[in-house]
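Paired with subunit B in one complex and with subunit C in the other, subunit A is shared by the two complexes that follow.
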Partner chain A sequence: MSVTVKRLIPVAIVFIIGFYMIFVSYIVVPPALTDVSKQLTSWGPIITALSMGFGYIILMRTHGRRTIRLQKGEWLYSLTIVVTALVYPVLYLTVGPASAIYKLAYEHVNQTIGASIYAIVLFALTGAMYKAFRARTLNGFLLLISGLIVMLWVAPIGEVIWAGFPVLGAWILDFPSKGAFRGMVMASAFGALAIAYRTLIGVEGGHVAGVEE
Partner chain B sequence: MGLSDRILNIPIPVVSFLMILTIALPMVTPIGLPIKIGSMTKAGYDIILGLSEGSVVLMSYGVSPAGVTEVGTGAKALVYHVLSEGHKLILVGPAVDNPMFVEKDIPPIANMLNKQYGIDWVHLGYYAGVEMGLAAILSDISSVYTTDHRGNKLQDLPLMQEVKGAADIDLHICVTFSADMPSQLARQVAAPYGIPIILLCDGVTGTIATPYYPTQIQSIMMSMRGSAEYELLIKRPAEATGGMDSISLSYLYLTLLLVITNIATFYKRGEKKEER
Partner chain C sequence: MAIVSEGQLVSFIFFVSSIIAFYYFVDQAKKGKKLRLRRLPGIDAIDEVVGRGIEMNRPIMFSSGSGGTLASDVAPQLIAGVRFCSYISNKCAELGATLVVGECHPDVLPIIISVVEDSYRKWGKEMPPGTVEFIPSGYSYTMTYAAMIKRLNPAGNIMVGPFYHPAVFFAQSGAEVGAIQIGGTARSGQVPYFAAVCDYPLIMEDIFAGAAYISGIPEQLGTIYAEDPFKWISIVLVVVAFILFNLNIPFLMDILKM
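Presenting the complex of A and B:
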């Protein structure tokens, strides 16, 4: 397949569909055109679901190979992934998600591991805070102070220590934090708009990456 | 080794062990510190109270194993409040984990309130595509779901015969652990349809969501604190309210740790300057 076809067709599809969706969103159009845009929107979940299926195949192929070749230092982990990725779909398709065995496998394995990993993060954060969070500059000092105030605002004990913590915490969240985030949101929105425009007209080639001019 | 060196060289396992103690001790002997209700949480409570009976609420039940401690109990409190006020509830999940939590958490609440599946509440299950998926659901539910999570056809469920898309939805409640979600809600729910939004999320996402409050997102309940506040509002204190004592002690411990280590660093720097 030629580079022109590989590049031109995707760029043309993005251009036509992108501008069509913008047109339908901003201009009042006949219901038939709106129906087409609804249809196109519904493709989003379908494409995502397909990409997940594709990812599953790649995952199984990569880790299946490592397991079969008994790759040193890898195969046991790969085997764990392969077995897990097979057991859950098989259970889902055979006994169903409402069955006791599926719930048992999910709640006592996946849920427990997920909650444990998240809990462990707390200790990593505590250690990191203890070792690294130092007010070496004025900016660092301000960050430290505002962090402490917000922490004591969230915790009910803060108000017991000093009634001003909730007031100061709410002020930090309402004004400096909100203002800074709004600025960031607006800046990134303008950036996204520029990238979207460049993508639509085919200047930004991220979605056709790997295809040389 | 001076005192400042000792403070700065406490072994990490000791620091972590003390953290475990500050979390575990209040669970054994609760302190019962008072919790003040924040305005952002109260706003959500008022929105649900202000809906006319039988209003339709679309709830994105983004409770996952990682987030269950922080937002799980708040999500259950919201479900309880919505159903007890006589509103209709449609549950969806943007992550594959979510349906398991819906099936575990919601039936006991619905049974307690004598709410019937299919009439008062429906669980549609997982949807792929996060932002695109949400856009598609609001545009036309049947384009994403033809059956519910339990395999019933949508046309066989009385509630789903009345609800086709955004025009039939009066409120969107989003439980999430994703920092991208606030902007997605603003883009796909608030801007095109003007549906009020209640967001229950972790602390990081809550901070990111504040620029959208109160215009696009009308209520933000942040972390376990938001959950505890909501439990108190509906007068059903549960796990989050109980967990606030642990939050208090552990945050106080972190604060002390940071203050002491910074003073020690400052003192040590002074000593070094003197030596020079």
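Presenting the complex of A and C:
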């Protein structure tokens, strides 16, 4: 494909649509123009749905190939994915989402697995906490102390040990912690604005696939 | 009749002035003004991670996050993730390291595939099958990517994008297999996990700055420079607002609400 098709046209579309949307959000315009912006916004989910179809094809192709080739250490997982990815749409289209069999497959299987996985995150959190709480530096020491105070505030035993833990814990969370996070969020907003600007004017080439500056 | 929508005046002025600042600094960069940026260890470590992968004959894994779409507020993070992926795939293709990308965003997937394919094509190679894996988002992504880390035993695990609860899961899995980990997100709730577990955390804005930093293109670096005046203005506004608020003077608040 030529550079015009791969770069200039996408960048021109992003530039025109992007600045139009910004213009409409700031400037008082006739309702017809606002309607156009709403229409454009509604294209987002359509594009996402289309790309989900693309993702489905990629998924089936990758895992179908692994299943057929009986790829070592992979094929059983791939087979599970292929079967699941076929069963759910078939059930949805044939018996419908309100049917008992679909509910059994979705709510009693998918959601249960989801809840179990979410519960496992606890162990990862514990490991991360252990790493964070190694007081090898002054920062690590401060984190350890503040983390312990906040934990003792949340844990019922904390108040029994010392009545000041809830007060101190809430103070740490409401003031130093919140203040630091807000500072990070503000700086991040400028970063996002910079990347948006680069994208709009076509300097940021990451999203324009196939063209390296 | 008002031209600017109600309650948007200050935001609009801020936006227009930021566009002017971006234009000015990009123009300065184009004219050849030397722009110096502080080193970002997390970005510099990417080459080290790729080199380690080649030495150990182990793959490099990449994830661009675990939630949101290009039509949502996390779009800038996804674009930053694509930029990182582009750089990493280019390095892997050049040096011959094995890359595995676990992508869960269906709308980002075609871009990622194209970016990785072109990186390989640039070095006269074909993208190996299985380089980009689509894993539907949600719990399936959490478990599949974490399991891939365990099975593939990567030399490096690079995660840049909008991360939700899988952040800590991926980082812990990577730490267990001894991978060098670079983790960055602008989702404030997940930053502590990356900071605690990853060897090189990229905190919030670092991923946006990093996207420009790795490109090395002066025009992109110019936009990072343009952010600084606004950060200073914000600091001054915060301090002044703090003082005025405590003195019960609503002047600044009223202006900012215009």
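Couple of notes before you dig in:
The definition used in the following text is that the second predicted complex is superposed on the first by the 201 of 213 C-alpha atoms of A that agree within 3 Å, B and C clash if a C-alpha of one lies under 4 Å from a C-alpha of the other, contacts with A are read in each partner's own complex, and residues count from 1 in each chain.
As a convention for this text, a contact is a pair of C-beta atoms (placed from the backbone, for glycine too) under 8 Å apart; a residue touches a chain by one contact, two chains touch by 3 or more.
Fair warning: this is a prediction, and the values are worked out from it, not measured in the lab.
By the document's definition of touching, both partners, subunit B and subunit C, reach A:Gly114. In the superposed model, A:Ala187 lies in contact with subunit C only, and not with subunit B. Touch criterion met: A:Pro45 reaches subunit B and subunit C at once.
Once the two complexes are overlaid on the shared chain, A:Ile195 sits against subunit C while remaining clear of subunit B. By the document's definition of touching, of the two partners only subunit C reaches A:Leu59; subunit B does not.
Residue contacts after overlaying the shared chain place A:Thr4 against neither subunit B nor subunit C.
By the document's definition of touching, of the two partners only subunit B reaches A:Lys103; subunit C does not. Of the two partner chains placed by superposition, subunit B and subunit C are both touched by A:Met129. When both complexes are aligned on chain A by C-alpha atoms, subunit A residues 25, 41, 44-45, 47-48, 52, 113-114, 117-118, 127, 129, 131, 181, 185 touch subunit B in the first and subunit C in the second.
Residue ranges on subunit B touching subunit A, taken from their complex, read 10, 12, 15-16, 19, 33-36, 38, 64-69, 97, 99-100, 103-104, 127-133, 135-136, 139-140, 143-144, 149-150, 183, 192, 203, 207-208, 210-211, 213, 222-223, 225, 244-245, 247-249, 251-252, 254-255, 257-259, 261-262, 265-266.
Residue ranges of subunit C in contact with subunit A, taken from their complex: 1-5, 8, 11-12, 15, 18-19, 22, 26, 69-72, 76-77, 79-80, 82-83, 85-86, 90, 106-107, 109-111, 113-115, 117-119, 122, 129-130, 133-136, 138-139, 142-143, 147, 151, 165, 168-169, 171-173, 175, 186, 188, 191-193, 195-197, 203-205, 207-209, 211-212, 215, 217, 219-220, 223-224, 226-227, 230-231, 234. Note for the complex: subunit A touches subunit B at residues 25, 38-39, 41-42, 44-49, 52, 97-98, 103, 106-107, 110-115, 117-119, 122-123, 126-127, 129-131, 133-135, 144, 147-148, 151-152, 154-161, 166, 170, 173-174, 177-178, 181-182, 185. Put simply, subunit A touches subunit C in their complex at residues 22, 25-28, 41, 44-45, 47-48, 51-52, 54-55, 58-59, 62, 65, 73, 77, 113-114, 117-118, 120-121, 124-125, 127-129, 131-132, 181, 184-188, 190-199, 201, 203-207, 209-213.
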